[in-house]
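Structures for review follow.
One chain, subunit A, links the two complexes that follow: it is found with subunit B in the first and with subunit C in the second.
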Partner chain A sequence: MSTISETTTAAAERGQRHLPGEEGTWVFILGDMTVFAVFFATYLYYRGQQRALFIESQHSLVQGYGVTNTLLLLTSSLCVVLGMKAVRRRLAGEPTRAAPWLFGGALACGLGFSVMKFVEYGQKLAAGITPATNDFFMYYFILTGLHFFHLILGMGVLVFLIRAGRQASMSARQFAFVEGGACFWHMVDLLWIVLFPLLYLVK
Partner chain B sequence: MLLRAFAGPARDRVTAVWVLLVGATLLSFWLGTDHGLSSTEARSLVILVVAFVKVRFVGLYFMELRTAPVALRALFEGWCLAACLALIGFYLFA
Partner chain C sequence: MNTRNQRLCVWSGLLMMVLFSIGFWGVARLIPPPSPGWSATDLAHYLTEHQTRIRIGLVISMLGVAPGFAFPVAILLQLRRIEGPSSPLAYTQLVTGMLTPVLFILPMFAMAAAAYRPETRSPEITQALDDLGWLMLVGFGGPAILQNIVIAMAVFGDRRADPVFPRWVGYFNVWAALLFVPGLLVICFLGGPFAWNGVFAFWVPLTVFGAWYVVMTVALLRAVDQEEREALPIGTDPAPAGAPRPA
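Let's look at the complex of A and B:
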């Protein structure tokens, strides 16, 4: 137990460098981010080919949904960061039980995001807009759908964090998984931070 | 207990980063709904750059890459810079 607080909080305070999570987790996160970056660039490339169509189609998106979802994910990320700090304090012997509640708060934000996505997709489909409508909507559905898939995986990770946050002790390996899980959730937030302006705001 | 998690002394910095990220989001939303700059291109470029500044903050403060091994931090910051420049390039020249 002391080894965990040694490698995290204390190490950070002493200015030592610490890898948050397992190396493999980071290969996955950076790989995923790179795949998304290629998708983002591809979207802009095709946008350049059909600028008028993309701008016109973009008008039917509700920017308020996108911005609300951004705020939900930012808040969920803050909850996860604070949850990780609570986990560390608990592992260091403090009697805090805040971690599961904070991870639960993040999960609630994730559920809020999902509800908004269903409402948004529902409205598009009800208006007869599908991925087959045109290239803009094909990219809209593929990019937001792919992100939504990551969000659902991330909510599974948050359930794991809620369980782990209840523990008063864990091995260094378990702790690395918890840290990696937290970083995965931040990646879901990070990708939406680029995706939202790209689809909804960039004209 | 929960309140302390948000407002305790060691948590001040991440909460401040969150306030900054929310502010940046609202700024982009404002610009993206045709306010601020008169040029659409300038607005879009500011929105893209703001997005990657936000991403960098999420990486450094939320993913804790600020104190991560230099190689990992460099890879992340390299991604931010490369992706930002690539998207600006595709936006302007595609």
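Let's look at the complex of A and C:
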């Protein structure tokens, strides 16, 4: 069905903006990001109250894990962008089969992130560090845990995208759902991009 | 079909929120909540000093919560329009939604017991009762979370040409479900943002809870209007003869 690419290109030619996904997706995504913003502000507020403790605890985090996870998520977002381009090309009639592979690549990055998280959590717990250790580690575990929860939901979304990427035709509503799923994955990436410097780097 | 009574059920949700706020917030002044970090003696002293207004406030809010039983019925009636005669999601919503007012009243009784005779008994007993009340009120998010998820499932599954609820109502419910989760951590914290007077356990869920009633009320009123229009025989003008047509 070529109607989707026709509507988006026609909108682009008229200089109108194309809103990716359904409107409702953005109620959820912007709502979720607002709450994370409140989380980050609270973290910074309490950090300001106990600066020395937070900086000292921060030194025990391994920056290498954070950097690797950042790179994994950035790569996964790139895969999702390329995957969406492949989906559009396929719906426009090109015989490309790249989309499921690209979404699969993003899923592999997500799995890599999960493995790193388990290793990191495991090392902390083995060293006797728990959320009860001090306020920094309470935030560390809750913020990264909440992000990890979103990442797991996002991997479910990617499985859905892999299946959708195989289709040669889609209704406008299905396409909007696929786009919304891609946006959700970008949000998971974006939240980590903020979370990583807040927990690992802020001096 | 009785849309007048259905609209009464819809408005009962906001009525509950208003009456609850008057009693709990305005009269008893239990918002912001007394800190879990207070010593037992301080708490007993506080409850003794403000005993009268806390009692009167609790009476008002316990009665005020009663209209809240009608609200999930309004949601049930509209979800049944999506699901048809066999409506598993609509009834799951009803069962979970009915618990909300119960889970307001029960903790308020624990708080009432704490304020019952704090001046004569050992302060630790008063503190234990007060703990029970606040932990229950803030931490009992499970039924509300399931209710939101069930509503979202029904909204996303709506295959009617003219859906009962717009799809963003579904996304809003998923969002609300996520935000009630931090409240469950309340049993682990004596202070900070996840304690029962903290940002994430109390203020965020309270805001979302209020917003949820407003959003659902607007969405339900529109759905009842739509139901009324659909019930008219085809070709009938919904506006009475001679009346100006709504824009």
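The rule we apply is simple: the second predicted complex is superposed on the first by the 196 of 203 C-alpha atoms of A that agree within 3 Å, B and C clash if a C-alpha of one lies under 4 Å from a C-alpha of the other, contacts with A are read in each partner's own complex, and residues count from 1 in each chain.
Keep in mind that, in the parts below, a contact is a pair of C-beta atoms (placed from the backbone, for glycine too) under 8 Å apart; a residue touches a chain by one contact, two chains touch by 3 or more.
It should be emphasised that the depicted structure is a prediction, and the values quoted were computed from it without experimental measurement.
The larger set of touched subunit A residues comes from B, when the choice is between subunit B and subunit C. When both complexes are overlaid on chain A, the residue A:L102 reaches subunit B alone and has no touch with subunit C. Touch criterion met: A:L44 reaches subunit B, while subunit C stays clear of it. Of the two partner chains placed by superposition, only subunit B is touched by A:L190; subunit C is not. Of the two partner chains placed by the overlay, only subunit B lies in contact with A:L78; subunit C stays clear of it. In the superposition on chain A, A:T25 makes contact with subunit C only, while subunit B stays out of contact range.
Residues 46 of subunit A lie in contact with subunit B in one complex and with subunit C in the other. Chain contact summary for the complex, subunit C toward subunit A: residues 166-172, 174-175, 178-179, 185, 192-194, 199-200, 204. For subunit B in complex with subunit A, the residues that touch the partner chain are 1-2, 4-6, 10-11, 14-15, 18, 21-22, 25-26, 28-29, 31-33, 40, 43-44, 47-48, 50-52, 54-55, 58-59, 61-65, 67-70, 72, 75-76, 79, 82-83, 86-87, 90-91, 93-94. Interface residues of subunit A, counted against subunit C in their complex, comprise 22-25, 27-28, 31-32, 35, 38-39, 42, 46, 135, 138, 142. Put simply, subunit A touches subunit B in their complex at residues 11-12, 15-20, 26, 30, 33-34, 37, 40-41, 44-49, 63, 67, 70-71, 74-75, 77-78, 80-83, 85-86, 96-98, 101-102, 182-183, 186-187, 189-190, 193-194, 196-198, 200-203.
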